[in-house]
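Below, each structure is written out as structure tokens.
Here come two complexes built around chain A, the first alongside chain B, the second alongside chain C.
Take a look at the complex of A and B:
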């Protein structure tokens, strides 16, 4: 790789050829502010706050648009740069409402943070601020089904405009009018209609574009825990951060408050889709299963399900499964969602092979759904059709998955057998959101009519299927357990336990292990990592060989408010903002800077 | 030595704009015929030798600009003719296009041949609708006569000229913004580099030239670079159009050499003919609204790029705005900032926010509500804009403030002190602009 060496603030830095000065500075940990630059979209050079002094160049240059050359000498902290930059910050804040206390971005806002560090001590503006849609809360206008727009806060960095044009592929956002009257707008105020619109809140460096989902729900310093995880709502497997809202005084513990994308150049880049971003409420919804449940009577529809203790459910389950399989073990069948993690599938495989021998996997039907995601043709972020994270994991373990991620699962064999009365028991593993195992009304009907004598549902929600079941076992959603999933590229990725399962719900691999043990099988697993270790040993030379070394993160407890506002969303703070909110009179990055430079008064020139 | 006009000699003739007249009286399209017999590079060399400098404002040597146009590329190349004449006080290109359109068409064709382009776009200002009608009709005639189109004059060279009408933005006169607008986007400047010569229209090598610049090209090819250079001072050769406006007896477009001094242009009988009502001269803006003012003492400067620059201003687009003693410096700055605030494209922060702020400050001063701190503030805001923007607009917008503050600070102070303008100003009384701005 060709490299160039340049000097920034006296430090020699070697970067690959083609990097801009700003990128070189960011990589070297030298703080240069920026708004219109975003590593995921094209360079605009319009916000002008990243100006630096480059020797042998007449004017101050925007570092975002200047490519590094050998021997370049760059200064970011000389008096004229500091003063010019402070001048640009003064311009940026002329019309920006100082409503940080009620702005959802307040506390994690680059405009706020960079202004503290690089802006002037005070503004000289004494005219009323420019106002577009009214003041205060009136200024929030609808910006499509997922977003709200506050034009008063906008600093016209045009990141959203470029995001829609370049990443989404449909340039729905534009600027209308010009000069000081410029405003962000969509055609006829129709708002943004896109499958990846939520990213606009992430690219917006101020509180102008906010998702309706996150608005007014929390403050950044009340989100002390952030967990690196992945999204499991489709086969793409976007890397995400699960944000937890919690206060020490809360009895109820932490609560999922939002999902944001985590940078992974190979999978999702800086982005995620709205389905993954906004579909997390079900994990903490009212329909969650919190206790095992039993139907007292064996005849269907006679008695309602009643909560029971695990210790009472397990023997009942064992007896009824043994009973159903007494004549033909193959009449016990499994319907498994591709939302199941590879650990769960691995345990399940050992379970069915223990019961049925080597072709036990034939008793398992893997299911998932597909949906049509309409996106512009030129989009750079394609959301796949398959709505399950682990079809490839099931395939790798030897389960039949038909066309795999490319098509629909084939449930006809199971359905024919059930409807013909050849199946005595169906055990369903459904750890995904409601509907993610497809249409199972035929199974519900078979149980209701008595064609199917036993239905066991191990799931997370009180679905129609669970309501028809004889035994319901509360499992866990993806944010409540450590699990690995194999996405459509064949990449093995980790999803981490961010919150505790509700009530008496157990991790699904654990439930399967207990079921297997009660049926007399040997399962030497105490933790989910034991399962991964066994999996790794059984599949040397594959993507699973290192499964037991995958990193599962835990919420990082906050030690002070400074850390609380930005703990583990590392890619963002390291690579996007490079900034920490300053503590009064002292900011980390100003360490070592002479005292008179730490505050930047705008003195009258000339 | 009396100067013989070459660009505008026949402007007053009733049918001076027609193809027949052009061919008969102006040796029309002989330059093109001569050029097609030469190698493209020879034409560039001739233009370089002539010292022709861009007439749009920056005065950059045209031959050099053409030489920068990438040669070894599979991409098509383009000539963009900048006819978005929007600089306040400038109205010369419009005369050329309306009264001598074939000179421009011939210039476009020769320039295309020189840089290896096959298409020239004339980006015409939105308000020049009547000019566009004339131009397009004459382009049609040129096509019919075989001066444009396929296999021009049997040389095998193809060239098309299209007229594209702008939507009325001053910023579209900036070369990269012009290209953006031509591509159908908002007229906002691009980051340079890459310069248009490398990646311009549709990311292809492009030369953007002013109307008057291109009109000079046939003359250079026809009469030779030495003739052209001999017309003016060193490095400032050729004929030059001057647009004189303001408080003069005969405002208008005058063609002369750049030997002519500002005093001759303002007071000369063959030019503007002196101050209206014989009121005293106060100041002159020599190059369109974006350049610093010059005073009486500077009037003996020859109106050439280099001399005016030495005097502390710029020739720019050669729009001479002459002002008598009734013009208040604060009002002047406010009036110009009203224009710049309205025309700022809004891309760069300093210009977008700064022009608005400057205008508000100037309006407050002009209305008599100014405070002493406003003067320092005006200066501070202006210097915060200068040099911090993508294109030259920011510098241009701050210039009226910085220049008037430098030359007429007393008037600013009087506005603060007295709460009103202290100039005897009958002309201003008849033009209550402040009310209109509010």
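Take a look at the complex of A and C:
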């Protein structure tokens, strides 16, 4: 790799050729502010706050658009730079409403953070500020199905415009008018309609673009837990962070507060889609299963399901499964969602092989759904068709998955057998959201009519299928367990337990282990890592060989994420290790004055 | 417009922007002649730089119907193969594109530094007084529209007013009334811009 060496603030820095001065400074931990620069989109050079002094260059230069050259000498803290930069901040704040107390970005806002550090203490502006549609909440206008736009707060960095043009591929946002009249707008005020629109909130460095899902829901300092995990709503497996709300008075409400993307150059870059970002409420919704349920009578539709204790359900389940399989063990069949983690599939595989011998996997039908996602042709973030995270995991474990991620699962064999009355019991494993195992109305009908004598559903939601079941076992959603999933590139990725399963719900691998044990099989697993260890040993030389070394994270403490601040700035922590945003209260204008002993030790999150 | 396979959108119960939108306008397509002109012009640019033809495309549309409606912008977007937002971006940026009907003569008064120092503000006032209109309006006869623009690149001859595509230089506030009367009487022949002398 070709490198160049330059000096920034007296420190010699060697960076790969082609880096800009701003990137070099960030990598070296020298704090230089920026707004229009974002590593995932093109360079614009419009906000001017990243100005630095470069020796032998006449004027101050924007560091985001100046490429490093050998021997360059850069100053970011000299008096003229400090003054000019403060001037730029003064201009940026001319029309900014400074309504931080009611702004959802407040507390994790680069405009706040950088202004505190680099801006002037006061504004000299004594003309009225420009306001659109009024002050405060009235300034919030509808910006499409997922977003709100507050034009008063916008600093016209054009990150959103470039995101739509370059990443989404459909430039729906433009700047209308010019100069002091400029505003961010869509044609005919249609708003932004895109499958990846939620990223605009992360991209926007101020509180101008907010998601309807997140705004007014919490304040950043009230959700101090962040868990690095992955999204499991399609086969892409975006790396994400789950944010948790942690106020005592809300302890009984939902805890998940938002999902944000986490940088991974190989999978999702800095982005995630709206499906993954906004579809998390189901895990803590009203239809969530919290207790095992049992239908007292064996004839279908007779008695309603009743909550029961695990210790009562387990023997019943064992008896009825044994009963169903007494004539032909192969008449007990499994319908498994590709939302199941690899641990669960691994335990299931041992279970069926224990019951049915080596071709036990034939008793298992893996299911998922596909949907058409409308996206512009030129999009750089393609959301795949398959709506399940682990089709490849099932395939790698030797389950029949037909065309895999490229097509639909084939349920005809199971369906014909069920409808012909050849199946005595169906055990469903469905840890995904409602509808993620596809259309199973035929299974409901078969149970209702009695063609199918036993239906067991292990899942997380009271779906139509669960309502028709004889035994319902509450499992766990992806945010409630450590699990591994293999995405469509074949990458083995980890999703971490962020919240505790509600009520008496148990982790799905545990349920399967206890079912297997009750049926007389040996299952030497006490933790999910035991399962991963066994999986790793059974698959040397594959992506699973390291499965027991995957990193599962737990909520990071508030202190660390405060430094990580704005989710759109998380990439710095994940790969650049810069101490940005600056520790509040420290001002460059006061450099030379000894810093107080209030600084927080800086280290990357995770 | 819903394209999320399963997700329910936030219901539309939010404050809508009060921005003044350009006129929607009726159906718009280029005349055959203009279409031919556009097709010829767009050839000048490499296929991946098609957007470079946008100003020309907009001028064609504006000449065809006098001003630009949303329908015209949508038509241009189709021709250029960019989005309507891109087109509105350009239209709203340049002062020479009109989103309302304008008079025969559009008086663009420069209000940037040199002209401002030499009384551009009073030029604007004089015009408004003479025609009884405010900035952005068209007079009753439909002949004149008054707008303010930024530097016209003729600072050495300030204060400058650009009438349609021609400079009218050193137009002191006191001369405005007379100039307007001349234009009314003689049309373009009343213009005195120095570039016209060169043309001759």
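Here is the rule we go by: the second predicted complex is superposed on the first by the 550 of 606 C-alpha atoms of A that agree within 3 Å, B and C clash if a C-alpha of one lies under 4 Å from a C-alpha of the other, contacts with A are read in each partner's own complex, and residues count from 1 in each chain.
Operating definition for what follows: a residue touches a chain if its C-beta (ideal position, glycine included) is under 8 Å from a C-beta of that chain, and two chains touch if they have at least 3 such contacts.
All of these numbers come straight from a predicted model, not from anything done at the bench.
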Following superposition onto chain A, is the placement of chain B relative to chain C best described as a clash or a fit?
clash
After superposition on the shared chain, which partner residues are touched by A:278: those of chain B (first), chain C (second), both, or neither?
second
Please work out whether A:540 is in contact with chain B alone, chain C alone, both, or neither, and reply first, second, both or neither.
neither
Chain B versus chain C as contact partner of A:193, first or second or both or neither
second
Kindly classify A:90 by the partners it touches after superposition: chain B alone (first), chain C alone (second), both, or neither?
first
Does the superposition put A:171 against chain B (first), chain C (second), both, or neither?
second
Please work out whether A:101 is in contact with chain B alone, chain C alone, both, or neither, and reply first, second, both or neither.
neither
Per the contact definition in the header, classify A:372: touching chain B only (first), chain C only (second), both, or neither.
second
State whether A:48 touches chain B only (first), chain C only (second), both chains, or neither.
first
Colliding region between chain C and chain B, picked from 113-121, 293-301, 329-337 or 419-427 after the shared-chain fit:
329-337
The intersection of the chain A residues contacting chain B with those contacting chain C is 174-175, 177-179
Give every residue of chain B touching chain A within the complex, in rising order.
169, 171, 186, 191, 341-350, 352-357, 360, 376-377, 379-381, 383-384, 387-390
For the complex, which residues does chain C have touching chain A?
1-7, 9-10, 12, 14-19, 21, 70, 73, 82-89, 92-93, 150
Would you pull the chain A residues touching chain B in the complex into a rising list?
43-49, 51, 59-60, 62, 65, 84, 87-88, 90-92, 94-95, 124-125, 127, 130, 155-156, 174-175, 177-182, 602, 604-606
Contact residues on chain A for chain C in the complex?
132-133, 138, 140-142, 145-146, 148-149, 151, 170-179, 183, 185-189, 193, 195, 212-213, 274-275, 278-279, 371-375, 387, 435
